[in-house]
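Below: the structure, in structure tokens.
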Amino acid sequence: MAKKSLGAKVWLIADSYLPDQSTGGMPSHESVCVLNLNRRPAKVKITVYFEDREPMTGLEAECPGQRTVHVRMEKIKNHSGKLIPVAKPMALMVESNREVIVQHTRLDTTQPALALMTTMAFPLK
Amino acid sequence: MAKKSLGAKVWLIADSYLPDQSTGGMPSHESVCVLNLNRRPAKVKITVYFEDREPMTGLEAECPGQRTVHVRMEKIKNHSGKLIPVAKPMALMVESNREVIVQHTRLDTTQPALALMTTMAFPLK
Amino acid sequence: MAKKSLGAKVWLIADSYLPDQSTGGMPSHESVCVLNLNRRPAKVKITVYFEDREPMTGLEAECPGQRTVHVRMEKIKNHSGKLIPVAKPMALMVESNREVIVQHTRLDTTQPALALMTTMAFPLK
Amino acid sequence: MAKKSLGAKVWLIADSYLPDQSTGGMPSHESVCVLNLNRRPAKVKITVYFEDREPMTGLEAECPGQRTVHVRMEKIKNHSGKLIPVAKPMALMVESNREVIVQHTRLDTTQPALALMTTMAFPLK
């Protein structure tokens, strides 16, 4: 009996970028939004890919069962306490030990007013 | 004979958020847009997932056959008459008794001018 | 020998809406963007679904082989010369006699400055 | 033993457009964002489709293994040193000799403030 799918364990985002400027009350930021439909918590690892250097690892989050976590990419630190660099073209891999759903959103207030973009991440099969 | 698919019965949105501020004439809002290509009406149930509390259930809508319904998330009430809370990171599950297509859109006027984001929801198979 | 896919013949967009206001030099509009990778032209039919009335049919476009067509939804007329109504929640079905790729974009200048949203349409299999 | 997929080799974007105006400090632009999870570099070819002329070829980029490349479409030149024309409705095909992930983003500052849109490209199977 095939168990019903609750998403995928690996998700990719090819366009990630943390703006280094903000205007107005809303800081520019990105969110990796995870939805865990399982009963048990999901351990999530994020790898950041760059144009000009080795990938950054050691970024982790946990999403309890039947919960969502919106990971703020400008705040999360890796095992060495390092933040993700700003103003760098990046891509992201999100790996979970359980099937989850992943969506990625950027809010950019570099120029006055607010710009938003979002996309479902791409699930690897 | 395999019947032609008219979408899926379960759709997920990992990034949902109701802004608590608006500027100008357009209120900030989110829409869950359902397209029902069937002849008969589809009953739609929406579950809201949070970071810090139990999921909210009891949000229902109906989409007649050959029609669309754009459910305004800041207006819909559950069985107890409760609105979805604002300014909370959320995720959504949309379940339908018939196959439908689901797309999710946020309009954010927190800062002057208008920001839009949209994505097809993720269909569970 | 399986022929290589060049997309799909039926695509759905659950969130369509033609804003009835514009500011600045850019009119608010939506585009249904078709890419035809075939050698031969594709005939495209668009059906518009509403919340409160029968679907609107008779909207047609042609996309030559190895070309794209960005159909401007506020300009296209059906067989009776009728435009698509503005300020109505809508959904779209795009049907083609050959496999194509379909993406849908809204540009909204209801409030000062420009807002954009886009998504790949959902391919029916 | 089926090798694990690392994306797809052909990706399509039906809505491409290079705005010919910018305001503020951010130039309007589009990016084709490639993520290469392979160990070895990926050679990427981009074909631009138009409404009224033959496709433009000869646009190439390389994405090293375990890296991302965000190709700026207003800067890339083909073999003859030609730029992609501005203010033309276009579509894109991205072909890679290895499996990659492709996402497409437009930043539009035609009117004051910033507008963003993004979508995963559509993978051909």
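As written, the chain order gives the labels A, B, C and D, with residue 1 at the start of each chain.
Just so it is clear, a contact is a pair of C-beta atoms (placed from the backbone, for glycine too) under 8 Å apart; a residue touches a chain by one contact, two chains touch by 3 or more.
Everything numeric in this text was worked out from a predicted model, so none of it was measured.
Chain B and chain C touch with mostly distinct residues; of the residue numbers seen at this interface, under half occur in both copies. Overlaying chain A onto chain D using CA atoms gives a rotation of 90 degrees, to the nearest 5. Chain C has its Cα centroid 22 Å from the Cα centroid of chain B. Distance between chain B and chain D, defined via averaged C-alpha coordinates, is recorded as 30 Å.
In chain C, 112-120 are the positions where the chain touches two or more neighbouring chains simultaneously.
By the touch criterion stated above, chain C contacts chain D in their complex at residues 4-7, 23-26, 31, 33-35, 37, 66-70, 101-105, 107, 109, 112-120, 123. Note for the complex: chain A touches chain D at residues 12-15, 17, 49-52, 54-55, 89-91, 93, 106, 108, 110-122, 124-125.
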